[in-house]
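Across the two complexes that follow, subunit A remains constant while its partner is subunit B and subsequently subunit C.
Now for the complex of A and B:
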């Protein structure tokens, strides 16, 4: 019990530091807390956040998905290019299907073949980068009729005063949260992540459970790619570069344990939002955009440190 | 008799939210005595031990060490004061040498912080020699056996001139020979005037090695007695508040039709040509030494392992070797050997652990039915009298006995036809143990087929109607009725081993 209190204090310490940071930025950059800027941050967050929802499933089983960054690139290129070729609706279907397929391949290799998740998805990251260049021939693609297409609604639309991507993210978060908390699939995810052997002894097929988490991750990255393509109305070959780390940082920052079995969707929503505001704040304070990479590093280290500290506390006491 | 006690504990109290773990606990340790600390899981032994080793700060009371009130700041401080705790899980670093491990965290260094290797080696060597260890200070600890690693920890007692050494379940993973060596070492420490606290569940060891016994129950001292003036029955009564008489209950021998039959089950290197059957209402014991292949056989039947050959009959119908899912759906349950690794998801509460094997029964179109989960949780909490603060208290916080009861709950709640219990009472307290024995009898009388694996001969004899003796992967004998005796079992197991060796 005492350890738990300690953990809460530590976690609150992090939130406190975040609030101090917010206040600091707000005092020095008056644009920071304006509704317009907040909506901008949320728009940005909705893409990484959507990806992070799926990655949360994977991390909860105690595994990783580092392929989502280059998967985002590939799928954004596909959705934009196919929009020009086949039209918006087929483009969306193809994008989601491709996302599911890549997720299934990851899931097959990690879940059924039993290869190490880090290696499998890192290799997939490399493979997909190659595939992007293969597909696009190295050139960037743009939506040709950007002013007319209804495809714009996903990245640029508003509904009831809220940006559509933000609504998509929130709806996705609610659905993902409900699945994890209230369905038998969610229970299997926590079971496999918490103790894989005990879950197998309880008749749970850990291979299928892991497989489906990667499929979910592929799907959410597909939705993120649709938002991204719609927002940018184009796709560069590097558009998703580094996103895998931002996404992972958000998941960890929320407090979902890399060891699996503990964490949740709302934690991810908080973590990824905090990260979004930190990055935006740094930009408004006049730091170059690449400073956010340095900060991502620090955030990952601190969050993992806290995770470890909480565990160590439990062992000692 | 009353020399000045080396360590006195006076009125120690320690409260955790909701629990008074230690309530006005007092006892003392004389130089050169082995003092047993016994009690059921959750009685407060571990807490008391951690207070002595400086891991917990008591809320009240005092520790008088060598005649002076003392504050212990932490494990290293305790060690330097001469109080050494030897944990059940050893605290050694496998990649470091024996010498480095003996002085772990307190290495001799010069003023630049550089390790004084020669001094370290020399001192470690002396400590090892004093104990008569068969290995040198330069060996990497990871290459040593568990017993040898334990000796490295004990060598710390020499190295730091410990006055008090606390052993926590030291024989948990030792063989009989290794245990004898350990006792020899403990007697050596004792002769040199070291005060020893010995914590164990194994009563035969307690009566073998200790001079006095202090019994804890619910955080309070029930009494301290001289070992030579007491007996098992009396100590047990102090621990659980009743006698051993009701220790084993055998179910009435009224059998129904056959539930499971195994023919020629084989897996190369593990077990060979295993055949047996079990009926409704029957308790079948599987006895054998560790490594005889008992767990492997039942895990194969349940489906978590694959077999090379063999046929299974469920209710007299031939079936394929099942997956765990199929086994569970048929009505088979396996309470596995290791509850922490195989039995429970430790960070989940009792509610989620209980429903884990039966998610389909606890859900409608994949949506979990929480009220149903809670109802079943409450039912088994009261039926098995499980001590937990609520349905979502992580089971990692419960005592071994209460954890095991949740493993039972998770299998009983779906009304199995056959329940296999692999070492169901290992490492749990006497009270929970006899509750589980009563439960086994009760289940059989309700018509379940029960298979019990146990390394404890009295247990296997006490609960089973029929016992298969296994040795080196084969069933070597079968006993029932009057033939069910200790001598027969020992004979069967050892005779076969002798034959195989010849």
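Now for the complex of A and C:
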């Protein structure tokens, strides 16, 4: 019986607690669980969620990517600026290419040169922030023909009653989940994260595996930047600042282990959505926006602690 | 902790070379100082050097605590938020209780949050990256809850004159930084707690088997780190006369950069305050020098990123593939 309780707690404790939270807010704020509000939350979540999909790959190998926030800023600035210069389609291509390039550079330094992922991506965070200021000259950019461009569809459009960014996020999540579950690349990612030495002895090239996870992370951040640019129709030089932390908090909250090897895309989707609903719920209850940070703190500690405690069978280390 | 570059039975030249290889940050510091001295006539002046020391002191004090935690193999991402809270309390409480009790409570808040971080890490077995990432987010929330969205202003501006004591060109802030660095270097090299710090960082299970109370040990180091962050916050509030709720944002990143630049390893078990001082000064010299040369802000950010990666590559090359 205790075993089953543990199993249930491990697998669904977080979700149960979250459902209690949802019910609690819904009882006190009528607007909370209406379709309109839920879609709004998902629309907000789609940007961090999209980034979190790629970061999940990186974290599954036991690495980190702290550069995604700065990269989001850079790519949003690029997509908006190039939209004015070259038009929407070339802008999208360039943005995705730049995202892939930065991901490849991270992957090269972490995977092949073998440098510490935390420091490399921290250095990249600083470097990219500099690159943003260099590119934009410090000024904000705006899409000039915001009313007529089809580029608006990514952030503002609807398709079959669902916001397009939400569809992009969900499709991205399904694809990412399928890749992790059913491709050899996915298995290699779990292998490298679970036991790198063993995976190398089993013939996995850990260097390439790590490299590609960073490329995936760069790509999903590129897609997120397109959604962001399209939604805001402009970009400030700090638009993505701190996003790396929100993204990481969502991934961790989902229960993906920072040590690698354990976790999944659907967990990330749950974690990042929980953050979105907590934020939205607290605002609807009339709390100031910074109260959500306190709650996030408590939720991260409690969620990860329960997860860890359930895995080792006792709560204290 | 093993040093592949350690050449024991060698000529004096060899031992000098091996020392330089292990402490390459000081070579790099000398290089940057030389370059900026040649590039700008204003760099190598007593006044500017004094300025650099003062500027370095803030990140430096954070870096001392971070070094203690990092040698333990842990990390503290919450120092920027802790310093903001300490500075807000030290200024905000002055109306109610006078200057020094407010300062004391500011320090206490840092110690308490460090204690909380350490306790959570020790009791839960969660990685300190997660615990203090939560802290970074949540403690910033505490600052906003306390001070609202506005900067707090000191009621009596004589408060800002407290650190205006100079020993020649060296400010009190810089003196406090160096005094704390020397103190904690002494702790690391000459006390039981220091030896245990290396032992825990090097091999936590061996340390536990050897009878070290790992939990208590980690809690102490996180408390030190939190307290030093509060010291930094209070010195900052004295310098500015205001406490801004966003003070110290991403300073934790600069601090980690400084410590890693110095050569202390994230894996733990290796590092020293001398290295950290080297890293802190190098960072400060780079920032100051680039500003004197009138380079735009983005060059600074890009150079920092490049230098950090370079430092990692150097460390890896010099230490024969020991992954930094």
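Structure notes:
Keep this in mind: the second predicted complex is superposed on the first by the 295 of 317 C-alpha atoms of A that agree within 3 Å, B and C clash if a C-alpha of one lies under 4 Å from a C-alpha of the other, contacts with A are read in each partner's own complex, and residues count from 1 in each chain.
One rule holds for everything that comes next: a contact is a pair of C-beta atoms (placed from the backbone, for glycine too) under 8 Å apart; a residue touches a chain by one contact, two chains touch by 3 or more.
Small disclaimer: the values here were computed from a predicted structure and weren't measured.
By the touch criterion defined above, A:291 reaches subunit C but does not reach subunit B.
Looking at the superposition, the partner that touches the larger set of subunit A residues, subunit B or subunit C, turns out to be C.
By the touch criterion defined above, A:198 reaches subunit B but does not reach subunit C. In the overlay built on the shared chain, the residue A:101 is in contact with neither subunit B nor subunit C.
Shared-chain residue A:122: touches subunit C; no touch with subunit B. Looking at the shared chain after the overlay, A:15 reaches neither subunit B nor subunit C.
Shared-chain residue A:86: touches no atom of subunit B or subunit C.
By the touch criterion defined above, A:171 lies against neither subunit B nor subunit C after alignment on the C-alpha atoms of chain A.
Of the residues of subunit A, those at positions 316-317 touch subunit B in one of the two structures and subunit C in the other. Only residues 109, 113-116, 118-120, 122-134, 138, 245, 248-249, 252, 258-259, 288, 290-294, 296-298, 300-301, 304-305, 308-309, 312, 315-317 of subunit A touch subunit C when the two sit together in their complex. Across the interface of their complex, subunit B is touched by residues 1-2, 182-188, 190-191, 194-195, 197-205, 261-262, 316-317 of subunit A. Every residue of subunit C that touches subunit A in the complex is listed here, in rising order: 75, 120, 122-127, 129-131, 133-142, 144-145, 253, 256-257, 260, 266, 296-306, 308-309, 312-313, 316, 323-324. Subunit B meets subunit A in the complex at residues 16-18, 55-56, 302, 304, 323-325, 327-329, 334, 336, 341-348, 352, 355-357, 359-360, 362-363, 366-368, 370, 410.
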